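In what comes next, chain A is part of two complexes: it sits with chain B in the first one and with chain C in the second one.
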Partner chain A sequence: MKQKIYIIFIIIFLIFFLKACIKRDVPEEEKIKQNVVRSETNFTFPSEQKNVTLNGVDYLQSQASIGKFGGELIESTIGEGPKTFNPFTSKDATSSSMSGLMFDSLFTTSPKDGQIVPKLAKSYKTKDGKTYIVNLRHGIKWSDGKPITADDVVFTWNEIILAGLGNTSTRDAVMIDGKLPKVEKIDDYTVKFSIIKPFSPFLRLMASQIAPKHIFEPITKQGAKAFDMFYSTNTPPEKFVTSGAFRLKEYKAAQRVVFERNPNYYIINTENKQLPYLNKLVYLIVGDLNNEILKFEGHEIDVISLRGSNVAPYKLKEANSDYKIYNLGPDTGTMFLAINLNTRKNSDGEYYVNPEKQFWFRDKNFRTAIDYALDRKNMVQNIANGLAKPLFTAESLNSIFLNKNIKGHERNLLKSKELLQKSGFRLNSNKNLYDKFGERVEFDLYTNAGNTEREAIGVMVKQDLEDLGMRVNYKPIEFNTLVNKMTTTFDWDMIIMGLTGSPLEPHDGKNVWHSDGSLHLFNQRTEISKIDNRLPFEKKLDEIFDSAALKTNFSERKKLYDEYQKIIYDEKPIIYLYSPIRIVALRKKFKNIYPSQLSGITYNIEEIYEDNN
Partner chain B sequence: MQILFYISKRVLQTIPLLILVSMISFFIIRLSPVDPLAELKLNPSISKETLKLEQQRMGLDKPLPIQYLLWAKSFIKGDLGVTTTGEKVSVKLAERIPNTLLLTIVVIFLTWSVGVPLGVLAAVKWKTPFDRFLTVITSIGMAIPSFFFAILMLIFAVKSGWFPVGGLTSYNYDEMNFIQKFFDIAHHLFLPVTVLFTLSLAGLQRQMRANLLDVLDSDYVKFARAKGLSENKVIFKHALRNAVNPMITLLGFEFSSLLSGAALTEFVFQYPGLGRLILEAVLKSDINLVMASLMIGAIMLVLGNLIADILLILTDPRIRAKA
Partner chain C sequence: MIKDILNGIFKDKFAVIALLVLCFIYFCLFFAEFIAPYSMNYTDRELSYVPPSPIFLIDENGKFSRPYTYNYKRTYDADLMQTVFKLDRSKKYYIKFLSRGEEYLYLGFIPMDRHLITVENSGRLYLLGGDINGRDVFSRLLFGGRISMTIGFLALFVLFPIGLLYGGISGYFGGVTDMIMMRFAEAVMSIPSFYLLIILAAILPSNMTSTQRLTLIVVILALIGWAGFARVVRGMVLSIKNQDFVKSAKMAGASDLRIIIKEVLPQTASYVIVAMTLSVPGYILSESGLSFLGLGIQQPDASWGNMLKEAQEYINILYRPWLLTPGFLIFIAVLSFNLIGDTIRDILDPKSRIR
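Let's look at the complex of A and B:
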């Protein structure tokens, strides 16, 4: 009797328990996601910020609506937090964005169209694209009260950037034919930059952040080592002399970075009151995505980037919640499948890629067949949870240089098979693919293990290619090993990777596309074999990248970069797959939010205010 | 005098041990295919010159044995070197060690002050419902993996809203007065301490119970009882003192886990302690940081054992005679 009661209890318990496990079917989930992806937030950007002179001070006037002072915004940063607050030594995104809050750059990018607009500098003029005259603002000050003058700009360029201190990437980028630009002071508020020939990426590079000379000079004199340690995360906050909207208040390792408003900032609102509105800006340092989500749910942070499966549930709850979801459009990141076209030998006299494989990979029909066999829609649907767009171009979808004439194509197995047949590939009775020498088509496909997205793409690519009768040995390997293969040993066949690009400057991709670039993945040359036997299309790419940088007219450049994207699309050494879409949730209490494809969501941090009604 | 001789002998013995540990760890880390520059190499805007400079800065351009010798030389001098991002290792460790110590010391204090008495109680009340109840509870505690329990606790924190989601202090901690600060930290510590406490309590309580049961079964306890000594005297004066030896050894191990024992829980709770720092360092092959933490771990283990052995000598005359 007693036993029976026990059994009944257990059964009842199990029923309730299992009931909880049954997931309600949400037929709308797909629809919701599609709605989010399609939704374009409707608003008009406020007009550009204007230069206004009041009592002899050149302010920059925000044209956004007038807000309330006070309040705080809490964001998060994933990982270990900033490594340094020195904008000239930072090498990672977190450090750069945080030092970017404290040190303003001369110019910035318009969130609307990517054009260059003034920030710390008032304006610039150029006649021939070789000399730039930059006018600075009168009467604006560093946080310690010293004026910001041409001396600071000249010092920053000559003693820090061009001297090769800290992160040398700006210096590398402004080097034209081995010559560095000249930076001279004309008067206290005018600086002249001159370069040896017109070089269009220069303008964006010239916009660099500026350091206070009276603080940095003693350090630069002590040399590179001292400079690398300067303004590290251990520096007491009161030691920072800055120019940005916010200054450091507190840094707690692995916990948070707190910024407070700079009361003497040079951006004002239309009532001529000095911005920013927010009193505090806090970044919580969180270790991983899951923790970030928990913190958003627990109301500990105000903004979060939503990924994949999170979007639909958040959208469902949006109406009854205190946040709003914004679609920022396609990301700058791209996912691609690279094919190794290398025919060189290593130092032991062995081919990096087997000769029979070289024959396949060098065959344009083979590469095109692969492209047509890939089911991008399926990948977008099943891997990116519908939150991505198929991609066919080397420039990301939000790039201002995107070639919109490349429309792409659907999956077309018939066409693939035709192309393979044309090149003499045959299927045997078991539907296995053989080349015209009777060699079984079999190769390795690598990606980095641990990145679940790329791992899933690999599985799909493998399946898609096996529909053509190829045998794909799919091997996710450790990230560092993979990078070693790509940059040093070159012993790979195909790789699924992603790189981030710049939506504003295709020239940043030079290292990938120029035949002597350090990331010229699909036909990487070693230092010794600099530019040997270039493929015809590589030659054309070299020409495009060399000449487009020298053009300063946007439409002329656009034409050239359109051509480069067309070449990549036609030749397919790298096959682009898709571009993820960024979805962000932000608490509704924050106003003056103008999400931008180019700049993100909190780029206008000085204009954002908190309204609790 | 004898004990001083013993200690110095033991300390000398640890030197070759530490050298061996450092060599093995150094070469395993360096031979693993992790390239600290991988991220930079994949960044299209980083030039070859910059990469070369970075390689020189990290000393990656030198052969492995030289790298090891350079490391060992500066380690002996007390210089732990810099991380791959150029920060001082000693500073990074100093930022985190107090946080980890705070967590582990609270946990160890709680587990010992609760676990040992519970173990004694369970042994004395052997096979009573109370003992059985404790057995069930501790079995559950031993069976749950720490990271899983920690995640459950985090979900609890989010759903109930009673506790903060990980971390050590609130973002406005700096503006609090002393009492608020104390409660803020206590509030943040509650969940991770609960997890670690539940898990280590189980082991400790079982250990104490088993030891005492063993001793209670021995002839001299039976004799003491037969002699008519009160039960309290039998247990606390005779049995407990003999049952405590393994606990002292355990205390030595606890000492070594002061800095590294809570790594998993720290990671789940995003606790700003050593665990998170070291994990990321290993993933990035940040050699100086990893080596520093491994050496600290090894030294703490040796030291913990030494302390336990010395305590045993002091408490147990049998061992004293042998030593």
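Let's look at the complex of A and C:
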């Protein structure tokens, strides 16, 4: 009896199972596209902020539309949160951006075209590119009521930045031929900067944030150790004397940072009311990306950056939701394949790169063949979910110095094979590639393990190159080991990596392109052999970087930097793959949003207001 | 004893099912090249994250038909910012059994080109969808399983001989030897294995293939793992060595090593068999864990762990659930091993035998 029941059960189960297997071929109904919102990529901006003098105070007047006061904006930061609120000691991005909120810089960059526009300073003048006269605003104050004057600027430069306190990166960058700039006070509201020869990146460096002298002076006298501890995250909020649109109200470690409005801010709207509109600006400290997404779904945060496959579900819901998705275009991140052109020997007299491989890697035809074999289209489509742009230049796609004449090319295996043949490479009957000395073309390709994106690119690159008959040993390895290979042991053949550049200042890429740079990946030299046997194109790049920094005229510099991009595109020591597109979702209730390719989306935080209707 | 175990297993329904499941899995893995429609690295870039191929048995006119499938066509919807796959209904691809397909070397040396199921050349049969690079998940599951399901046994071959001998010697001699050997074992046990692995991943020579690398890591794991096992063996040996048959062997003049290997250790067999079956799933899990963290098998090689890694983004779990199949298989395999291990323990446990 019992057995019969079992059998019946099994038969019923089987029938259902088979029923599920038998599928009928019915055409699926066309899904009607529900009103999908198109994300704009052409941005409009309000006219530029103007200097306005009212009752003897030099205000900066925002030209954006007039909004409502009140409300709060909640952002998030991934990781451990800020390490300090002192803009002069901060070394990480989170600390820098938060201290940047509290301490304004003299100048800032226009979100529209990246040119320098006034912020804390009123204007600047220069005749020869060697001396800069900076005029400060009359009547603007620190948050404790003391006026902001030339003394503060001179103090900040001479006693903090040039004295080498805190983070010395600005000091290192303004050093020209071993000489530091001179900063002098002319009168209470005028400061003179002088450098020994024209140096175009100086202007952006000069825009540095300014510290209140009456607060910082006692600390700088106590030395570097005391300065590093000053304005740390343990400082009670009421101790901060600031100049920015917001000041610290509360900091809870690993939870949140709350900023409140600075009522004495020097930017006003067209009705001459002091900004910012928002009462509070909150940063939630979240552990990872998934956590951030959950918080956005739960309306705990108002703005989120989305990447790759995360975009689609948000885009689908956008029409019926309370957020809007902004497409900010390609960002400064670049993904590339670097080839090791090193021909030096290590201290034991062994070559970093095998001599046979050196012969291939130094061959321009070989490198070009690789470039033409890469399938960027499918990398963008598969790995970045279509949210990226193929990249062929060393400058990122949103750079104001981008060489627009470099158009790039499609994948072209025939051309690759032709180039290889020209250099004497031969395919044998098994379609394996041999060089003209009869050596099998085989090399290692590294990337960092644990990064799904790069691992998948590596798989594609390996397949692409194997289509040419090369044998690629693809090895994702641990990140620190990889960095060690690139910077110390140099025993690698090809590496897939990513770097972020600056869209405004190509000179920042000097450490990669200058032959004595610390990140001169493709032909890295040790400390001892700074600029020995440079390749012809390396020499050319050195010259370009050295001379372009001394030019102050934009179009002259542009010409030089165009040339450097052309050289890299022609020589291909580093083959660029693609640049991801930045997508941001922001709640619709916030107004005065003017997204910018260069500055992002909440750069004009003082103009943003909350409108709940 | 083996007869006892087999009899016991066949009496327990769950154990029988588990055994069948494992046999089925190992059978499939052994014939992976033949069963899989594609090779491990077969790529169609147009099919990145393609959904599983639908198989139709009733055609569009409502009539029964030979099983067939359609190809997927990829388009990019710029407004929605996502890739859309649609069935291309213009051409049917009938599924062929035992037909010619991609050529391969079975077990690395027998050239063959027959596949269990396949479709015509221009058709694509991705039974469990595609991964990010457009490779067939079903085929990769079969190839990846070879590593995942054998790595555990490798560890056993290292761990058990060492553990048995070490525990045997320590227990048999007792006294100062025992004291020193056991303190050493404890020291080995207290090595934090996870951090050791992270360091190892950093210092192992990079010109190893990922299979060599994982093998080495598992061997090292086993070299740490024997200590706990040796302690249990030592405990058992302590009680066995005072029994009459050991004493008589001694009296007969047998050497110490002979007594340990021939007389004492066989008495621990029941425990050893149970411990072995129960530790295999542990190593399967640790392989998947290591590969998941990027310390084990790396792309483009497949293992269940590194395939599962692709599914870790929440978006993939929501929209591409077929990426979770390796996780499902790990679950099934580990569960089966545990069920069998439990049953064997029940069989060999003298207390439960009285009942």
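The rule is short, and it goes like this: the second predicted complex is superposed on the first by the 571 of 613 C-alpha atoms of A that agree within 3 Å, B and C clash if a C-alpha of one lies under 4 Å from a C-alpha of the other, contacts with A are read in each partner's own complex, and residues count from 1 in each chain.
Here is the rule we use: a contact is a pair of C-beta atoms (placed from the backbone, for glycine too) under 8 Å apart; a residue touches a chain by one contact, two chains touch by 3 or more.
The structure presented is a predicted model; accordingly, all values stated were derived computationally and were not measured.
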Contacts of A:Arg256 with chain B and chain C, given as first, second, both or neither: first
First, second, both or neither for A:Asn480, with chain B first and chain C second: both
Touched partner set for A:Thr89, first chain B, second chain C, both or neither: first
Which superposed partner A:Ile304 touches (first chain B, second chain C, both, neither): neither
First, second, both or neither for A:Gly458, with chain B first and chain C second: second
Partner chain in contact with A:Ile593 - chain B first, chain C second, else both or neither: neither
Partner chain in contact with A:Asn167 - chain B first, chain C second, else both or neither: first
Those residues of chain A which chain B touches in one complex and chain C touches in the other: 478, 480-481
Partner chain B, residues of chain A touching it in the complex: 74, 79-80, 83-84, 89, 91-92, 167-169, 172-173, 228-229, 232-234, 249-250, 252-256, 258, 282, 284, 286-287, 291, 294-295, 297-298, 300, 478-481, 483-484, 486-487, 497, 499, 501, 508-512, 517-519
Residues of chain A that touch chain C when the two form their complex: 21-28, 33, 36, 38-39, 290, 293, 309-313, 315-316, 375, 378, 381-383, 385-387, 444, 446, 449-450, 452, 455-456, 458-460, 462-463, 473-478, 480-481, 485, 583
Chain C residues within the chain A interface of the complex: 41, 43, 45-46, 48-49, 54-60, 62, 74, 76, 78-83, 87, 89, 132-134, 198, 201-202, 206-207, 209-210, 293-295, 298-300, 309-310, 313-316, 318-319
Chain B residues touching chain A - in the complex, by the definition given at the top: 33-35, 38, 40-42, 44-51, 53, 85-87, 91-92, 95-96, 154-155, 157-158, 161, 164-169, 171, 174, 267, 270, 272-273, 276-277, 280, 285
